[in-house]
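Next up, some structures in structure tokens.
One chain, subunit A, links the two complexes that follow: it is found with subunit B in the first and with subunit C in the second.
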Partner chain A sequence: MRRRLGLLTVILAATLAVPAGAQEKPRYGGELIFAVPSEPPSYDAHREETFGVIHPLAPHYNTLLRPDPADKTATRIVGDLAESWTISKDGRTYTLKLRRGVKFHDGSEMTSKDVKASYDKIIFPPAGVASDRKGEYLDVEAVQAPDPYTVVFRLKWTSGSFLMSLASPWNWIYKADILAKDMRWYETNVMGTGPFVFVEHVKGSHWVGKRNPNYWDKGKPYLDGYRAIFIRDSAAQVSAVRGERAHIQFRGFSPAERDNLVAALGSKIAVQESPWDCALLVAMNHEKKPFDDKRVRRALTLALDRYQGSQALSKIAIVKEVAGVQVPGTPFATPPAELEKLVGYWRDINKSRAEARRLLKEAGVADGFAFTFKNRGIPMPYEPVGIWLIDQWRQIGLNVKQEVIEAAKYYAELRGGNFEAAMDFQCGYIVEPDLDLYKFQSKDKSPANYSRYTDRVLDELYEKQSRAVDADERRKAIREFERRLVDEEAHYLYTLQWHRIIPHNARVRGWTVSPSHYLNQQLDTVWLAE
Partner chain B sequence: MGKYIVKRLVLMIPTLLGVAVLIFFLMRVVPGDLVELRFAGESAFAQKENLDTERARLGLDQPLWKQFLVWIAGVVRLDFGKSMWTGAPIIEEIKLRFALSLQLAIMATIIAVLLAIPLGVLAALKQDTWVDYTVRIVSIAGLATPSFWLGIVFILGLLIVFKWLPPMVYTPFWVNPWQNMLQLIWPALAVGYRYSAVATRMTRSAMLEVLREDYIRTARAKGLWEQLILSRHALKNAMLPVLTVIALEFAFLMGGLVVTEQVFNLNGLGLLFVEAVAHRDYTLTQALVMLVAFVFIFVNFLVDLAYAWLDPRIRFR
Partner chain C sequence: MMAVKPAALGEIPEVAERGGWRRAVLEFCRARPLGAIGAVVVLINILVGLGAHVIAPYDPLATDYGAMLARPSAGHWLGTDAFGRDVLSRIIYGSRTAMLVGFACAFLGATLGAVIGVTSAYFAGKVDLLIQRVMDIFLAFPLIILALAVVSILGTGIENVIMAITIPMIPRAALVARSSALAIREMPYVDAARAAGFSHRRIILRHMLPNVMAPYLIMLTAYLGQAILLEASLSFLGLGVAEPTPAWGLMLRGAAVQFAESAPWMAIFPGFAISLAVFAFNLFGDSLRDALDPRLRTQ
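And then the complex of A and B:
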């Protein structure tokens, strides 16, 4: 008991130590070494999906806007290559003024021509060029460059999310002349305007960047360079931080790994934590009986004691917060008091489970009804949450068998509808309702709607929130969407929000954890203390 | 002997062809799809049109027989193409990892041979004495201990006792031998110990068998010097099965050290193999299987040559 209390005190001290560091005067020099659990398939962020591209490569690039690197919620937007912006009265024209004197690493000047070429590649890619995020910009009619330092985005309709989408960590600005010659050049080469210049990539081993002496943000970056080491195994990542072979791993560690590092390194380690813009969901196949019956789906969500689950699971897995469709603590998140009114979120679990049993009986589902739950073959956090779900469902008389499926086959199973209930997830690279809710539209609109339903009311609510420019109006639409999705129709079941835990060498300063492991990776504000 | 070598070399071709056919079609039978995994995996926005474009670019929309012919035509020219996952030439993907895996395999083999042969011979000569029992305990412990577990023990031991961890990035031997050794000696020891256990057991039993042969008794009866009997008559003949075990283990090390590579964060062929399969990177997986198959066949070929050298009856047959 005393040992646990001691460890808790050390973790608390390590967690509280960080904001104090943020007040200090940055120190120049040093090489930041960080572990990356994945590796970039190609170097082109416009076409890739993995953080394995962002972590080693983002320091070479800039985006138009970005979430404020000091904002823990990552919802406050600041300029990156754009220094200011205006929105027309009808909400359909966004005009951005670019910084002057920004140079690419080859010495050429960055202008609106480059921004236009980059966004054209993302939004209107030519035949044969894949842009993974094209679908996110259906509202864009045209991108224009009226003068070298102005970019204009004309929209087909108003959008509540457009500004945030210009802060996407994937939308690196490439050089127009290079794209004009070869649209695929950036898949195998690096050349941006970012704070660090590319040095080398040894496949499967490491990535190195050095300080850009001509960086437009004078005085930055603070580091001489950085080295990203590709380490797939989490135990090896922990050893790397513990043995001071790496200062940090930006994706996250489990609670046990955090405790291990804190116990071993004490004051040499600092811990930052945040709710993560990732949630584990249960997709219930509406094309299979009895999951076509909303009483059964509601019973499945009513069976879950999320509050107790949060307490227990957060000690062993990277899940913690009880949440709705938005990351807790962010502008559009449902406050806890309101959340508790939704089915499955009631505080009284006995009342919930009694109602669940009643609904199952009413739907004609016999006690001991058996079904198979398909889970993704990735241990953390899928395995502990899967086991927890089965136990929770057992408590309302359901007999559930878990089938664990290897990652590549998992998508085929989900897309093919070859399941009754399955673990699913929603991870966003930026906290923005359009991104977080897109998945839940009807199956003909969203290929990732694995519950396979058609709900035009939900589609309308999605569109309503997406086009709302007024924050309150948007918030209201999001609440309605949430209520319909998880309560009235119970199309999907939210389990728990992921929880991001970053224990890092206490020398690392100027970096703030956010709800997304895709954000805050430019490293321009990061420095190493003595 | 020359005719024997040519015959063995020619026999490699149908074996490799069989491996090629098998791996090509086996990979296509495994469920899952590289394009879906890479572009639709975590994105709710993946458009079917996008996925189709990628499939067409990778040639995955072509009939299987056509894909096979294109690939096998490349293999014949020793052009394995590009990795479907990274787009980089396969030769580039394999080159660095091959050097590391080869060095690790050689180091582990040296450690294993240096331990196994003296210990195995000693145990056989001192059969049922405390020496033999000690060697047996050490070797059985080696067989029972997975090398990755021993690797974890090494890492934790170094971290806890010396507060030091081996380098996590590979430095080629010719660039910095010291750094290279600092990184590779630990996995080589972990793997070499288990490897030596197998070889020690084999050396001991082979020696015991040979020492009971008539020709050894005859040599002793003739009053031949014991050292000469052991080295020239007993050990040379006992080496035949030991050589097979060492060679097969060596070939296995070239692609089979997945967990050990993970524990020490080694950028070797084993991890590349696992990632290629997990990503459904057909071209890379096929190339790796062909490489490992070639290593196995080539090592077996060398063993056969060694057999012929050690045992004249084989080359005269």
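And then the complex of A and C:
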């Protein structure tokens, strides 16, 4: 007990040490070394969807806008290559003014021509060129470059989230001349305007970048360079940080790994934590009985003691917060008092489970009813949350067998509807309702709706919140959407929000944890203390 | 896998004579005490598996979030896991999974292998050549690799794990059974059976198979330990039985690795259970082989 209290004290001290450090005067020099658990499949972020691309390559690039690197909620948007922007009164024209004097690493100047070419590649890719997120820009009618330092986006309809979309960490600005010659050049080469210049990539080993001496943001970056080392195994990543062979791993560690590092390194380690814009969900196949009956779906969510689960699982897994459809603490998140009124979020678990049993009985589901729950073959946090779910359902008389599907095959099972209930997840690169709620629209609108339902009321609510310009109006629409999704119809079941834990070498300063592991990877603000 | 010479005709019936069993068992215990200890541990394992619901102090699936990662104590003799589940109860129920998989795989693998091996030897010629080349293909892969391949095709779950472990065992058993059956097929009574016009099936099943019983029994016991180890390996790799089913290999993964330093009991005790069971089956199997192999018996 005394040892645990001691450890807790050290973790608190390590966590509290970070903001103090952030106020110090940055120091120049040094090489930041960080572990990356995955390697880039290609070098082109427009086509990829893994942090394995973002972490080693983002320091070579800039985006038009970005979430403020010092904002823990990552919802405050600031300019990156754009120094200012205006939105027309009808909300359909976004005009961005670009910074002058921004140079690519080959010395050529970056202008609106490059921005237009990059966004055309993302939004209107030619045949044979993959763009992973072009679906997010269905509202864009045209991208224009009226002069070298102005870019205009014309929308088909108003969108509450468009500014956030321009801050996507995936939308790196590429050089137009290169794209004109070969649209796929960036899959195997690097040429950006970012704070670090590419040095080398040794597959299976490391990625190296060095300081860009001509960076447009004078005085930055602070580091001489960085080295990303590719380490897949979690224990080896911990060892690298523990042995001070790596300063940080930006994706996250488990609570046990954090405790090991804190116990081993004491004041040499700092810990930053944040709710993660990722949640594990349970998709209940509406095309399979008895999951077509909303009473059964409501019973499944009523069985979960989320508050106790949060306390227990946060000690062993990377989940923590009890949340609705938005990350707690962000502008559109449901306040706890309001959340507790939703089915499955009641504080009184006995009342909740009694209601669950009543609903199952009413729906004709016998005590001991058996079904198979399909889970994704990724240990953390799928495995512990899966065990917890099965235990919770057992307590309302359900007999659930778990089938673990290898990760590569998993989504084929979900897309084919070959399941009764299955684990699903929702991860966003930025906390923005449009991006977080898109998947829950009816199955004909959202291929990622694995519960396979059609709910036009929910679709209308999605559009209502998306087109709302006033924040209060949007908040109200999101509440209605949430109530219908997780309570009235219980189409999907939210388990617990992921929790991001970054224990890092205390020398690392100027980096702030955010709810997404895709953000804050340019490293322009990062420095190493003595 | 070691090649075993067939027992001479008449040896098995001699052991199986009415009233001779007790004497044979006593003789086995006296001559091979290590094998006898192995047999006792195997027997205990079987009984624990069968009576798990009576012996286990807790429901192996019952979580107790107030007692997560509790160290061994009077309440929980072997401590609890990351979900507060009693480790002892899960080991006890885990023996049920291990015995089920072990016996099913060993029985199916040895039996199917024996049938294929004897059939191959009986028909000889092109049939033998074809069967043996197919067996050679399977034998080219190490046991665990083939089991991994099969389970990745079929998927996880106890039935698929049994199949995944059984399939690689068949060619190994077939090879041993064939070498014994090659000698038997030259026996005059097999010629006599042919001359009497008996069907191939009858000759193989009634006259040849019973005479490869000695190597069959040895294979059976040897495969039991291997099957238990393979099941644990597959479960450890996340390809065997799935949580929350209690299984020894499964208990060694996940949180057991994560908390190896702070809660070592989560890994030590299931690991010990696997080692003990495999060791016991191997001791018993080796002693049985020694007892049934006439060459070794005379040494």
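The rule we apply is simple: the second predicted complex is superposed on the first by the 530 of 530 C-alpha atoms of A that agree within 3 Å, B and C clash if a C-alpha of one lies under 4 Å from a C-alpha of the other, contacts with A are read in each partner's own complex, and residues count from 1 in each chain.
By our rule, contacts are C-beta pairs under 8 Å (C-beta built on N, C-alpha and C of every residue); 3 or more make two chains touch, one makes a residue touch a chain.
Here the structure is a predicted model, which means the values were calculated and not measured.
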{"item": "Superposed partners subunit B and subunit C on subunit A - clash or fit", "value": "fit"}
{"item": "Touching partner for A:457 - first (subunit B), second (subunit C), both, neither", "value": "neither"}
{"item": "Which superposed partner A:180 touches (first subunit B, second subunit C, both, neither)", "value": "neither"}
{"item": "For subunit A as apex, the angle formed with subunit B and subunit C - C-alpha centres, to the nearest 10 degrees", "value": "40"}
{"item": "Which of subunit B and subunit C A:245 touches, first, second, both or neither", "value": "first"}
{"item": "Which of subunit B and subunit C A:311 touches, first, second, both or neither", "value": "second"}
{"item": "Partner chain(s) touched by A:354 [first = subunit B, second = subunit C, both, neither]", "value": "neither"}
{"item": "Partner chain in contact with A:142 - subunit B first, subunit C second, else both or neither", "value": "neither"}
{"item": "Greater residue coverage of subunit A in the superposed arrangement, subunit B or subunit C", "value": "B"}
{"item": "Touched partner set for A:411, first subunit B, second subunit C, both or neither", "value": "first"}
{"item": "Subunit C versus subunit B - closest C-alpha approach in the superposed model, Å", "value": "6"}
{"item": "Shared contact residues on subunit A - subunit B and subunit C", "value": "235, 406"}
{"item": "In the complex, subunit A residues that touch subunit B", "value": "40-42, 47-50, 127-136, 187-188, 202-206, 229-233, 235-236, 239-240, 242-246, 264, 406-409, 411-412, 415, 425-427, 435, 438-439, 446-448"}
{"item": "In the complex, subunit C residues that touch subunit A", "value": "61, 63, 65, 68, 82-83, 152, 155-157, 238, 242-244, 253-255, 257-259, 261-262"}
{"item": "Interface residues, subunit A side, partner subunit C - complex", "value": "235, 254, 256-257, 259-260, 308, 311-312, 315-316, 375, 377, 379, 383-384, 386-388, 390-391, 394, 401-406"}
{"item": "Contact set on subunit B toward subunit A in their complex", "value": "30-34, 36-48, 50, 53-54, 57, 85-88, 92-93, 96-97, 152, 155, 158-159, 163-165, 167-170, 262-265, 267, 271-272, 275, 278-280"}
